[in-house]
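Below: one structure, written as structure tokens.
Order of writing sets the labels: A, B, C, D and E. Residues in every chain begin at 1.
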């Protein structure tokens, strides 16, 4: 007499595929101990299929929106949605995963037999985050978050050869679970305040009733912001990022950073813009504050780093601030566009770092980059483009992204934040430029670095994305504009 | 019956003890237990809230948190063991090469 | 056609990039040859340009509708001379770069891309587009200074980049604000200049926007006290870099002030006349005074730029026909004369590997041709009548007096100081008996170098004696600027500020 | 002929351009002859074009060339009226002679053709100045002649002194030009045009006295710069560093008179401002006596002439200040004759003495170079003002007019009279020291009469100095009628009426001249020791004169040095330290902020925890506080 | 009444346990403290009719998890009892500050007067609706929460794979 649960396969198809893929990798490994290449193909096939299915979802979502029955986009009794936001984010996640694995492929190979676990963990992490971005329920979101995070903790400690890797892992793990605890406590308090876990339910709740004494809800909100702020490494919740980025294996860091940011920001957008959209009067200033702090802290600290990965980590903090500006802007499309192109650039940049300072290495001193332009011009050129892209120089997608979030924030009456943002981006210029100086203007000795293997593809695609979407952003912008939350 | 606020106050207290303990102890294991404390506080909160809300979902959610806690424990302890193997210590203070 | 004008240098850059790096000697010559194409096109543009107000050869293509940005190009009397100047200086700058022996290919590529960016920013009628070009220019210039510069090149390059980027950051915020205001007034956002001109902004908003724009452009110009990046950049930059920097890059600032500050914020501009005038005059005097005692020739010329550009800003904000025309002419003049001076300094540097005035002396005996050109350009820059510098300064001074009498008199002092610093430098470098033996062996200008300088010299004389060639094309546009200001504000150009008054005022022939 | 008038400017200009590019390839002195031909041609054109004016009545026409700066009503146009014509004739006439002279003088200089390039360029510029139809074009010529004088003073550029003198000349002139420039601004803003016709027609109606005074004084500043009047005369003596023909042409005959010309040209404006008039006259008178007194004690033959030039220019200013414009222009003309003659003569002497310029090392040259001696003698008498030579008539007319103006001018008249006496004295001193007495030159010198090409101009000029004055005598005021049309808008100061008074004044002038000559002759026609004692007799006064009252040093201490120090302070103190320091300071602040923030990133996970929890709590508190 | 007594007792023991976790020098004591807390909390669950949850709490936590903890403690040395004095500069200061912040927060919410833990609470609680019997919990767990339930599978997979990945191949010593 237990009613049968409502099941919608298409809603979870990509996640299902990813999970199965992960399992498949492990089983194949156990069964046949094939060369890493084979596992790679399995993974690739998984990702491709997931992307295809997401495309299918996109089409369906489009129809649903067109025909006006968005209700069909909710599945598993409103546990999960299939809205544009989720699908776009999932696209970004899958692309980042693909590029990340390509970039880190040599690292995966280097792991030998443990490569299978690495691949499986990557796929599972992606699954988790893809659930997280699609979830329409805070507990569901928490589950996705944990699936993804735990996988990342493990990945951070993947290389056994180095002490830094352990340190990164334990730091990431302890702080991460701490953050998760805060997050879920926040969820609990919101539940206490509303009696609801469902995001849309909460939205309806707030548009329906006026809560007389909402303090508990705001405490919950604060804790949720903190918990997610950890994932996106927004100041003051960023302190783990540089250490982890530096300690974790170079091959995979780009992926870790990218997916965490994507999922975290989509989650934040859901919680703040969708669930608590009606309370924005209260949380906007706080989020704006966090954004401003992140931009400044990130930019200023990146300025004084001697290690490229730490620098990129702090620049990531700054970028978290910029994207947060988009959240303050109150629109998801700016955020999504920024996330999409930034994650690609990030993976690309870390791919370069991996090439220059070894796929497992922890140290990536800025000195390794002296005269890179002479040693391997192509690599230097790609890196330069990516750096300029992150710096947000016009004609790169980075500029379009920044412009988008800034104008959103301005339109939402947060002019001061925009001014802070532009100033922060000037400071940011300084350290990106510093790297370019080192590569192009300082004579450096050192062997010729040949870029081999799939990394070339990653760099090529990243640069392409940076330039093409910088000059003709319309295509991606339109997609992002269509990718609305329910 | 005892008002839910008592339960939740207790939960909050536990949560804060856990959180502060996390910052006070440098033994990874203990820090870890503190996290467990915090999660328990969350569970208590959910259940008490669910009770006065006449909503069973509170209890359902607790299950998931339990599972998460378990999974975290497994991975966390694995990491701790791995580190201990390398340096024969569980003190996180000695893991501070990465900084700046 | 304008699009072609922007794309030609890009194509040229690509072609050069395709030449294998080994063929070093080929890159430069190829670059020069290819950069003549834009010049030719610009020349055609100049001849085809109707001396009338309003934009011509307008091209418009939507870029991204929801944001209201578009590829929107057009040329008028204000941008026309700039484009011509750019197209002219690039081949000359490239031709003067024979000293670039390392990574020549990249150098040529960067220079050509720089040209594209410069032309683009002068042609852009869409503020978003303008900003894109305005900002993109930094990169090639940054590389040119940073890779092929002198000892402290990196410091200079970074300083240049960050300093100007700071300016443009504010500009970006202001542009967003404009578009947003437009959206709130007309529904959809737009960055098109002519659209934004219809905005009616509250005084406060307009003031802030004006400040943001002015700051951005003041850094580019540069105006005192935001000028300190200039000498460093100039001293360290290679010859071509200095030529383009002084010749065109700085003009972006004055151009922006004239085009955008006067165009978009007439009210505030009118209120700001006094302040901008004061700043400009301080710049004039200050730059000149500092130039007097500079021990380094290039630094001296750099500071003289600060002084000269002060005249342009003064003329721009004096808001009379004469002063505006003068400012425009002076834009071109400064590009020609200072560009030529940097060329000359570069030539002597190539021979002697020093720019210190004290290292020279008696050069006129050793290299009379060089001395002759230097003296000629020096006098052009001092503002000797019959040469172009005079026309600009004289128009600015006479024109500005109507609105800013006291300041203009001070500005005139700058003319005296100019004579002092340039002639004193000339005296120390060229006259006397050549005593230092390193100087005795110096070769006089080669045919190539003469070929580079001569066109500039010819233009200097033509503009000096028959400025009508430019004025005829410029005047309608500058008049239009004044008309608009008079129409939109309570400001009235005091007689005889307008040409109409002058023509009325009786027999000029 | 009028429509060919542009040739007057174009011919020398063409000459200059041609010589500039092809001069070096011309053999021998050919380029010299070409240059002379060019300016000679200009002379012919000017003369023919001037013929209508000789009939009189013709008031002048404007020849429009092309638009220059329409926005400020400045086009290139020639105003051809008697005044312009006279100036053009003087410039071209004297110019031609000096060109010819220079052919001999510069013979053998390796930059021979370049020299004539500059001379021609100068002629063109000067003609632009005098033929200009509006102030802008006048300014054009005004600056160009400055340029040429710069080039020619510094012609021997390997001499540091020459280079310094050149720069000094240009800079000092620029200071004057500043005045002229501002004057032009005022004129434009008042009338909306810069063309003479426009300005003068409406000046009477639209110009307030105050404005007129302002403009007048500013123009005076410019004129004082060009014409070496107090306080800007210091550049002229140094300008003697240039080759002597240059001194003759530019720094005696033509360029330096531009100041007088521009004041005369602007008569209509001075008309409205007595203050300006008096200032001009006073400056002139004082300059005259000041320079004359310095000239007494100079040893350098050219410096004597230089100061005498300054002093004569003072006369002209006195004249135009008294609004005796014709007298002023008249003296300008006569002075052009005999001063050019004196310089050329001096040049001839220097040439003969192979570069020696110290009069103490000369003497007894009469026999060696009679032509020079005689012609210079004539010039001396002329400048001293012995009737019926040219100087007498012009100087007499000036003094008479000044006297007639009365009031303060009577005092100026006395100054003028004294100056006349001094002038006669030092000119005589010079002539005697050079040509009479025992030979004091060293053995290696072999003085000889200069070649024909140099003496012929001397003779011609001597002739002019003799008869030149006759064009305007109280009995036969031809020049007056000639110039009448140019000054029809102004009422000029005339010499006093009445035979007797005129005769008395003239007598006084002659007396002064004779007295001066006598004194000079008696005191220097003696053996060396005697006149040296005589000079010592003046005590410190003589030293002061010889050192030109140390004005140069004064300027150096009072203006140049402090200015330089101020500039250095600004450049290396303020600009580098303060302003650039601030810029780098900002950068450092950001950087150090970063360094400080790094210390928060301790690497201890528990510190991170604190940061994290703290942040979370702040966010929470902010939210809760913000909500209520 | 009974509930009140139980609450007080259990609350006290829970807090005591929690404090023990934090202050005990020996890890084992900490573990015991945690155990105490878990049990008392479990009791509080029962009090609130969350029977199943309570059971799971005892089994999973007190059983599995704590055992695991103890294993690890054994592994890395029982006898190691660390000194509690702080090595990090100012760490305790900071923590104190944080405690202060918490107090401040508490102060704000209480002083603001209308702080309610469960503002949406229904006036009349209906014990039946939250009587956490197996069935009562199972029905939603396997219907509307089924997806979440499945997702936990991923967690466990990761835990397994992760543990292997981390603890595996320890022969390579660096």
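General observations
As a working rule, a contact is a pair of C-beta atoms (placed from the backbone, for glycine too) under 8 Å apart; a residue touches a chain by one contact, two chains touch by 3 or more.
The shown structure was predicted, so the numbers you read here are calculated from the model rather than taken from an experiment.
Taking the mean of all protein C-alpha atoms as the reference point, the chain centroid lying nearest to it belongs to C. Relative to subunit D, the most remote chain by averaged C-alpha coordinates is E.
With centres set at the average Cα position, the gap from subunit A to subunit B is 26 Å.
Mean C-alpha position of subunit B lies 97 Å from that of subunit D.
A straight line joining the Cα centres of subunit C and subunit E is 70 Å long.
Subunit A and subunit E have Cα centroids separated by 30 Å.
Among all residues of subunit C, those that touch two or more other chains are 162. Among the residues of subunit E, those touching two or more other chains are numbered 88, 91, 94-95, 98, 102, 105, 109, 112, 116-118, 120, 145, 148, 152, 155, 158-159, 162, 166, 170, 174. Taken residue by residue, subunit D touches two or more other chains at 587, 598, 601-607, 609-610, 613-614, 618, 620-621, 624, 628, whereas all remaining positions touch fewer. All chain pairs that count as touching, in label order, are A-B, A-C, A-D, A-E, B-D, B-E, C-D, D-E.
By the touch criterion stated above, subunit D contacts subunit A in their complex at residues 587, 590-591, 593-595, 597-598, 600-601, 603, 605, 607-609, 611-616, 618-624, 626-628. Across the interface of their complex, subunit E is touched by residues 2-7, 12, 19, 22-23, 26, 76-80, 113-114, 117-118, 120-121, 124, 127-128, 131, 137, 139-140, 143-144, 146-147, 150-151, 153-154, 157-158, 160-163, 169, 192-195, 211-217, 219 of subunit A. Contact residues of subunit D toward subunit C in the complex are 62, 64, 66-77, 134, 136, 139-144, 147, 150, 154, 157-160, 162-164, 166-167, 170-171, 174-175, 177-178, 181-182, 184-186, 188-189, 191-195, 197-198, 201-202, 564, 566-568, 570-572, 575, 579-580, 582-583, 587.
Every residue of subunit B that touches subunit A in the complex is listed here, in rising order: 8, 15, 18-19, 22, 28, 31-32, 35, 38-39, 41-42, 45-46, 49-50, 53, 55, 57-58, 61, 64-65, 68, 71-72, 75-76, 79-80, 82-83, 86-87, 92, 95-100. The part of subunit A that touches subunit D in the complex is made up of residues 170-171, 174-175, 178-179, 182, 214-215, 218-219, 221-223, 225-226, 229-230, 235-237, 239-240, 242-243, 279, 282-283, 285-286, 289-290, 297, 300-301, 303-304, 427, 430.
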